[in-house]
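Next come the structures, one after another.
In what comes next, chain A is part of two complexes: it sits with chain B in the first one and with chain C in the second one.
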Partner chain A sequence: MAISTNDSTGRSVMKLYLTSGLVLSALMMLVGLTMRMAQAQWISIQPTMFYELLTLHGAGMIIALVVCAMGGLWFLMRRRISLSAPLAVASWILIMLGVAGVVISVVFGHYAGLYTFLYPLPFIGSWPSWATGVFLIGMMLINMGWMIWCFQILGAVLRAYGSLRGALGWDFVWHPKAFAAAGREPPPPEAFPALVAGLDGLVTGMGAMLLGVALLVRWIDPRVLIDPLWAKNLTYFYMHALANLIIYMLAAFIYVGLSYATKREYHTSRVFVIAWWSSLVFILTNYFHHLYMDASAQPRILQYVGELSSYLTAVPVTAVTVFGALMLVWRSRTRWTLGAVFLYSGLIGWVVGGIGAEIDASVPFNLHLHNTLWVPAHFHTYLLGGCLLFVLGWVFLLLESRSEHSTSKLMCWLIFTLSFGGMVAFLLGFYFGGASGVPRRYATQPLPGPLIAQFATIGAIIMLLGFTLAFFEGLRLRSAFSADRMLWPEDLKVDASLPEDLKVNIS
Partner chain B sequence: MKAGDSITRMASVGMGVVGTVIMVGGIAATLHPLGMASIPVHHLLHAGMTLGAGMLAIALAAKLPSQRSERSVWVIPAILAPILGLFLMWPSEYAYLMEHHGLHMLDHVGIIAFSWLAVFAAQAYVRGLGWPMLVLMVSMNAAAAGGFGVAPGPSALLSLPLSTVTAEGPAPSLHVLGKRVAQNMGCGACHRVDGTRSIGPTWRNLAGYPQKLSDGTTVVANYQFLRDAILHPELLQLEGFPHGEMPATYGAMLSGPAHSDERELNAIIWYINSLSDRSTPASQPPVPDELGK
Partner chain C sequence: MVTPSTLLWSMFILLAVGADAAFVIVVRSKLATNPSALLLSMFLLVAAQTVLVFLGVVLSTRFPTEDQTGIHRHGYAARSAWFIFVALFMLAAFVTTIPFFPYLSNVAAAQGPALRVPVIAQQFTFLMPSHFPLEQRIIFEVTSRDVNHNFGIYNSKGELIAQTQAMPNYVNDLEVTFQQPGRYTVQCLEYCGIGHARMEKEFTVGGN
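Here is the complex of A and B:
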């Protein structure tokens, strides 16, 4: 399959994913704001409705960001090797059908079994049984779409680099001299997020398939009972990995986007490769830190594995990526456009959220923090302050590259100050709440929860104001389209051994 | 190069033969169900059959022409086949299948076919993907043994005929069953068994004891009372407990057309009775026919 110059099909698929993901994110942020306002006691909603909104917000936000990351990474891989666009669209359709199922079950069926759908919660609520079924079917459809994408991406890296060994950069790490002497090149940086997402996504997606079928069988035939601890393990095996994978997938935006902004190349080094191997392996076992409190039933060895894995998943890859990003910018002639600012500030969210996660993953702290707002604090920092900013950074880099207009310094400063400053206030609310022992997943919080929620809500409103300005600025840039331009060098290296019909024309 | 080809071919043939033997073994096992009395063992047997089918699929996929581009259409069966295979591993039907060898064999043939299709399709989509698919399929089926259709505890009591769990007489085994059902349904979230009050009344010394309702009347917690309290909590309001806290969904989960024998419901009531020092025949459920004979 020959791919046309500038790959307009690939761009269209990426736009489909990014647009739907960002629209869903925006809606879910409004849902989140409503919940925070209710906790601040500024508006009054029934607790049952609060849990419905919590279910919607949690599931919707994760899926929205996954969809954004899927579209971007798919497009970046398509620069290296041909990828079927209809298959990517089929994956998107399945996910959107699943999202519709989740929305229907919550809005019309009042399903409130939370986005973690921990067994037996979906079956013992006060909502009708059909709502549980529709929610579970929706989640199954989302997982099917996700697995199609994982298949495609894993297949792409296997085809592009010959084998799993080639995609892992095995010889590059262990036999560097022979590797260089043979004139071989290691996979580019963005191939590692693709490999990790493809392989780990497939592994955990398969676990979710088992859990999904078990829950559906339980829904149809209540005689079938499920071991709750087994179900909890599978739930977090899938959902925690999925939430983690979002940022690892979006790291590809850093490798390509910051290279463009700084006019320097992000190289694959041996340390970089080993760091990604660490994430590849330990992302599958770090979820055990969500089961520390099941110590009476969960084997003790898994608790140790959980703590160790939590560090080994995040620390190496964050360190090399952030260090690499700092070095790219150091004494470069970076143009601090809105896209570059969003991408760069997203690194802060990644690091701070990661530290918050490691604190929660450490047993002595976990005992005090895990059932408090500390947990939403760290994952909001990670997903909102990291992932969403990476997505916005990528979108703005694309808009800036193809627009005749540019963002004024004043507007850039205003958008950044409002969105980042508001975000800091919003996130601090969670951190202070967590440190004060305010419980999470409570519609009505004990003091000082409501006071902190008021502070956080003000921050959220300021942040949304900044995002709204960014939205209109994006529309302005989009209206002044000049021509599609690449964000990467024209001499992008493509595996020379590939047949011509598999190469992408990037000229 | 030729030697390498021969070795590859031999490995493929060997894998196909071993896979076929395992598959045939899995089908033949339906004729001798004694060794598969529990659900986890049954799931593990399915994992073994998946391994055999997957090995055969990889061996056969070796004949596909080499191609570095995608064969996109194969992704669909690669995703759907594992799901369909899992639906054939319906734990509550195992007891029935073990008494109906023909259906059981058909069920195993179906599991083998879907396992084969999943691995073959993955390998056909992009060569090399069949291997992770094989490992994942086997792991998934083996993982099912950990909790799909199994109450926490040593065996899958719920899906077996009651006669197989009655070595100690009806009440002891039924209350063990009831305890597990209650654990699975999360009853313990609101009802404690140590005599302390929680969101709902404690189950310690509940059966056979008088209970005060919010309208001022007092009733003894006999079988009918306990049954109504579980199935229709909206109709009963105990004094001192909030109204409407007990989910009304247990009726559909424990009674109705899908549970006409109300076995799990009665097991829970047996369990509640086992916690009371005033348990009498009036507060106990009827003994199941199969035990009464």
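Here is the complex of A and C:
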């Protein structure tokens, strides 16, 4: 029996998430461009305005990409297990209410405490107290929406694959013969990002709620004091995990999307499962690398844990997901459509961003790189050059599957050259700046910051031209939708491990 | 008997050891003298290799296609070797970076008494002396009066040579021995409000 993916409700929910996420990220890219132009000294904006834009850009971009990843992964899992659409819409509404709160506090209240704010800055700023309150409430609404999604997906995965033991693939790894003899099958590859996002998202989300409540109490009663190091740990515990989870969730796009593009299958293997177990742990322990500069205040052992865990993160990512993806492509019949190109190039962004991250996560190097432009260098590489490309790849694969038009070679080449050429120049600006010690989060930078920013701004403009072309190409593909063509992915085998009542036809 | 997979494995283990040895040698010789060139070239080199591998795999799709089972047979063997390589390299890199951790060590303490200098950061300045002796172990005791700041020391060439956080309620020790006389600048490297980019303090080392 095949599950029909003529699931119009599920598709609508995914569209809601993807459209809002992509619109938000497009707006935030323009905000980012404005800041880079100001650093290049081509336009002049007040520092107050610069830090307001920075707050908006940081929060907006992370949320935009999280929303895209949530919508995509939710849709992929709904093909296999039952997930409630109204609940998914409810969590989307909470997130959007939170986004509105953040926008109100920044635009009308001039809140400029940044997205990864450190206590007690939100209370000692140049903005009114109400702006801090609205910002905190907005962030908590976003977190609530995110946690509802995590609850939903985790609950569904656990129910479908036989509790935590089944969902983790425990018996599949340790008792493979008995497992196979019983006619059982492990969960599909995309169930692992769902499980890890659900578990780690809930654990870190609860940490964030704890911090949020403490800060709200402090907002109501200024006599309440919070330990700044405790607050800093919770801030990074949450923010790091959330940023990290985006890419781990989007790995599901690789498993499904790249299989489709290469006309091959991505299987759950034992090594694959063990890799995801280790990611489950490392996502929670990596954040200590944000606290290398608190060497005396923070217990020393945590600095070592931070470096070791950051280093070992590279093992499951490169040896399993990336290697597996390369094996899918190797001597396959891949048609390099725009969707396939975006999806594949996203992998490069993930790995290259990871290399930048590993260098920064080395304690001796971090001394020269901490809070320089190297930090935005690495996370822009994997959020822009990885995550956003995964999302675009996914969207284009869907459009291409249903459209009677196809993208011409010339257009494909043009979009590729502009987007990637521009992106490389834009990102190199951050890396060069970081290596030269130019601090991040500076409205006006010391030399050679402005010169590098000019180079990077040109890169960003070229990249945005490429993305604009891609947008119009997407519209063109969409205008030629054929009613009798199914939206990919259409045919899917039901997992043997699924209980009978969950083998639903969600049409 | 030597099988191809044993060969492959030993090759990867050797590669890991070799790469790690190279890593240590380069870091040892360049980290103190020219960190920016070292870090940037290390990054660009590995990033370029990555891009080449990905391009190579793209080119392979122009050749006759291969059956997925066949690819699995070779691919999984290569993956195991690659897994060992990455895991070994990362573990070894962890061990080899430990001696470079910038924490106060017993070795440093044996070099003689240190000058302890309190530094107080506040929006948007640093309260601290403006002159320091040359080749003297100095321990900056860094704290903050209001929000989180970061005490980042730049030399006269504009290179970031040392840093630590300035936190309210906590004191972070930062050990520095200035080897070059001249003008140094402290800049705030943790966002602390709208005057963040202007928060700096100059000091001199050596001379009178």
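Here is the rule we go by: the second predicted complex is superposed on the first by the 480 of 507 C-alpha atoms of A that agree within 3 Å, B and C clash if a C-alpha of one lies under 4 Å from a C-alpha of the other, contacts with A are read in each partner's own complex, and residues count from 1 in each chain.
Keep this in mind: a contact is a pair of C-beta atoms (placed from the backbone, for glycine too) under 8 Å apart; a residue touches a chain by one contact, two chains touch by 3 or more.
What you are looking at is a predicted structure, and each value in this text was computed from that prediction instead of being measured.
Overlaying the two complexes via chain A brings chain B and chain C into a clash. Contact with chain C, but none with chain B, is seen for A:Val329 once the two complexes are overlaid on the shared chain. Of the two partner chains, chain B is the only one touched by A:Gly155; chain C is not. In the superposed pair of complexes, A:Val363 makes contact with chain C only, with no contact to chain B. Once the two complexes are laid over each other on the shared chain, residue contacts for A:Met293 go to chain C alone; chain B is not touched. Once the two complexes are overlaid on the shared chain, A:Val173 sits clear of chain B and of chain C alike. With both structures placed on the common chain, the touch criterion links A:Gln303 to chain C but leaves chain B unconnected. Applying the stated contact rule after C-alpha superposition, one finds that A:Gln445 touches chain C and leaves chain B untouched.
Once the two complexes are laid over each other on the shared chain, residue contacts for A:Val352 go to chain C alone; chain B is not touched. In the superposed pair of complexes, A:Leu210 makes contact with chain B only, with no contact to chain C. Of the two partners chain B and chain C, more residues of chain A are touched by C. Residues 120-121, 124-126, 227-229, 297 of chain A touch chain B in one complex and chain C in the other.
Of all residues in chain B, only 68-70, 72, 75, 78-79, 82-83, 86-87, 90-92, 122, 125-129, 132, 136-137, 139-140, 143-144, 146-152, 158-159, 180-181, 183-186, 247-250, 252-254, 258-259, 264 touch chain A in the complex they form.
By the touch criterion given at the top, residues 1, 82-84, 86-87, 120-121, 123-126, 129, 140, 144, 147-148, 151-152, 154-155, 158-159, 163-164, 199, 202-203, 206-207, 209-210, 212-214, 217, 221-231, 234, 297, 498-499, 501-502 of chain A touch chain B in their complex. By the touch criterion stated above, chain C contacts chain A in their complex at residues 27, 31, 35-37, 39-40, 42-43, 46-47, 50-51, 53-54, 57-58, 60-61, 63-66, 68, 71-72, 75, 79, 82-83, 86-87, 90-91, 93-94, 97-98, 100-103, 123, 146-148, 150, 152, 154, 158-165, 167-173, 187-197. Residues of chain A that touch chain C in their complex: 47-48, 51, 112, 114, 118, 120-121, 124-126, 227-229, 232, 264-265, 271, 293-297, 300, 303-304, 307-308, 311-312, 314-315, 318-320, 323-324, 326-327, 329-334, 336, 344, 347-348, 351-352, 355-356, 359, 362-365, 367-372, 374, 431-432, 435-437, 439, 441-447.
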